[in-house]
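Sending over a structure as structure tokens; questions will come in a sec.
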């Protein structure tokens, strides 16, 4: 099981969490596990299978589910928010939400796979092949979005974040340039790195209004932007300059396409085009979750994975 | 020659006009005319041809012109703003900006054709076939956008505007519902008319922040929005609710695709699928331009066409 | 219940039928009906509802069903071929295959709706807006394909068929030109009608190799072709000239997109953009099915609808 | 200057060559060179620039050129076929057909770039990200198509060819499997390598009817096929099984998109995502062209580059 930004909101119990989480509930929604028991009538995946879990439980009956867009199902129940989630020894999920992994997949990668799906959905919606790309936000999902854009043939990916720890990770993972907007001007840095042109594609994972604004400012006319990060509130946005005069296309990204994104993600890992290992920077025993959450809160980490049984850890514990 | 909203900005000499128009310049950019002389080396269109004019003069050499996206040319010169335009007896344009019409096209329709292109570009970018559509803004371009959406197979088109004159026009031209937000709540009206679902597509031509906000509020998850109207300033916009959670796609619409849009527009008129006649509500002699602009300013009109030689008018003068 | 070309194959018991139909089976797959009883656990549609029926029963578990492409489900069971179908007093179908109609929809139209879906799938896959279109084959599905293309903004639709009866129907329903290749050369007729250009889009519903060949011959470079008609055997096809040199895009059309096509079809009928009434040329009491099939075999008909209880007929019996 | 399959047809003077080449003409169309003189009024690229050349000279005035599809220009003149080409000390080309390279690009790569564009056009038209892909034909353009598919995130690429020399090259360049249909059954080999599923995407570069047939036979339902190879004649093709029942999409690929493909190609090389070096297996002095063509004819080579001045060769001569 791993920690998502959403889990941090819940840990902090901020206004969003207070509004959305139905207590009491077992939280956590990024997970993998071994199938231990099947409900009546269920035939697969077999007991003993290593599965990852799609955390959006959909209804299969609404107009969205009936038109190949279950990720927008109007009756979606979220694991760890609307129904009991991952931070537990056992969790009950619909069979249709289990995704079968090969038995030799590292547990940390298997746990990360749902969040990786967000990155794949974000990076694959615009056309990045041969293009200059800016990813704003170098948290785990931003790093995976960058890695995916590179795997899909981007010419160069520039990353921005306010954490130097994360910018270093970004450079290790292939960023052509890593910008800290606390120190450097995003616009001039991006223009300098792109022969004065700006970028063809913006992939936004931070939700920070300043980052969104700076990202659109360097997007070329005719460019595409995929927005995943949530700002939690309206803010002053220049639709004229950022979208209309540019003839830009903007995609709102929510969840993972069921199940196109999972198939794409599987392929990108199977070929080695994306290597998720560098994103996973820390491993904790689940009993030390307090320390894990505090580290997450500090921003000096990539993805943190927790192990109920620490002897299962597929790397050194922090 | 006809009056565009842009011309009204110039007539009022508002801050946008003061910033963008290079005086002295002959204004006006919606026009048709008869070819009277060809520059050296130019072979077509022949002298005597009735042409409409694409008002964006592009460079043919920049990256956008070289990738089939001349409408986003970084060196665009606008007729009536950057170079002498339509309100004159003669106007000089590059041969490549002339669009040959059949000789029997009414002059008012020929003049309107470039602005119709904006409508076609807006309505044809999302997929409207079989869908419920909201068009915000029922000025001439909004009305033509509505007519195009119907011609492309929309299930129903709802229009909104603050002018009752224009809402009446909208109803005559096929709006399933015409809403005046000064009187009726847009959200509840739209929901009532769509079995509580909202619309699949938003086509925005007003530029009014309230209209944009109300339009996105009733857009269904997975919906598409094409934005043509300019707000002239940033405003509070809820990217989370309006775009991201909905998994919406937003298209900025600028100018006309060169020349895909003109071909599409020609086809839609040739088949009779779109009839522009009802949009043209007033005809003036060009000498009465003062009265024409004041009427335009009042909002109690559709498209106004002016004739340098009033005996050319293809309908009664106002 | 109505007669599909497939039913005619079965009636004739040709090699395809002998190979594919699992006897004994009740045939027929175009139908509407009133819900009379619900299986255990089923809540909707309610008893008494007028429903049309999607005849492809899909598995919901294969890779195609899991990626929004159920129409390509690898475990599809076809009503009237793999399981008992429509030509009966009662038929059992999965609740998910029922499509709720408004109670006042004419029964003949409700029965036709699934086949109309094939037409909508075919005509909406390429971009017909403002374009010249050729529909080869003017049987019922060809006629509905033509009507849909017009509803989606086609500039002009040309139809071809070897039955003059059907060509007359085509003209009544809006064909710009109706060609009988037994009499007229398709290529020269199409070129004459399109200023020597050919068509932008080919919609093929006949399955006749000569029609396919003639259709591709007049398709413009960069054009799109949607193929629905089945030829039943390989034949000499010029991929170089018809597809590669032209940079053409060719779509194989199978069934209806579940359920995007049904939603589109509903919208096109609700707005009046498509009127199916002229396609239905004959009504029979079901007891006279022998006469109905013989008429169908002759080609001198549009769609034939049969009524188990002739007093239900929504038009004069033939 | 390099040798294209087309040049081999001309060398052999086969029926296609006799029909299409306007003698006398200087042949050859894959080239790079240094700009030595500019025509009147031309300002760029500057004298001394290393340029590659787009060999399709288009008219800029036809409907295709006016709608962003110049690669389908109806007045295209081909270098080395319709006008004097590359196998010469100097060649005259329109300024707009020159593509500026960085000065340090190896000459052999610069010469190869136009042909690489065919590969980029082919591999980027379907969606290969995360998908299993079959490339039929492992000649130079097939190898580059495979390399591009991998750069765009393909899960695995399988290659087929009848030359073992080329299959070895394919394996070196990343093929998951290299099949010789003279020895192994394509269908069973592909199924074995894809868990019995077949491939999502077929990229056809051989033009061999058997390869086309075998490729479509293992294409999954809903798959996409991009066809570049020319068969030179019609042949028995099963549209029903290969395209319609599968709901497949087939793209004819001709030339390079002007200039989207060149920009994409530049990005893919700039990032290192595609390395063309292994494709270039032989270098010849131009005076030894006879030996070069005989080697090309044998099939035991990748791309062959010839140097008018052998001291310019960027690798050992063969």
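Chains here go by letter, A, B, C and D, matching the order in which they are written, and residues are numbered from 1 within each.
Keep in mind that, in the parts below, contacts are C-beta pairs under 8 Å (C-beta built on N, C-alpha and C of every residue); 3 or more make two chains touch, one makes a residue touch a chain.
If you're wondering where the values come from, they're calculated on a predicted model, not measured in any experiment.
At the chain C-chain D interface, residue numbers used by both copies make up over half of all numbers present, so the two copies contact each other through mostly the same positions.
Chain pair with the larger contact count among A-D and A-C is A-D, by C-beta pairs in contact.
Across the assembly, the mean Cα position most removed from that of chain B is the one of D. Separating the centre of chain C from that of chain D, both taken as means of CA atoms, is a distance of 40 Å.
The distance from the centre of chain A to the centre of chain D, each centre being the mean of the chain's C-alpha atoms, comes to 37 Å.
With each centre defined as the average position of its C-alpha atoms, the distance from chain A to chain C rounds to 43 Å.
Of all residues in chain D, those that touch two or more other chains are 63, 69, 263.
Chain contact summary for the complex, chain C toward chain A: residues 60, 63, 66-69, 257-260, 263. For chain C in complex with chain B, the residues that touch the partner chain are 120, 124, 129-132, 148, 150-156, 263-268, 270-271, 273. Remark: chain D residues 63-64, 69, 71-72, 74, 197, 212, 221-222, 227-228, 230-240, 243-255 touch chain C in the complex.
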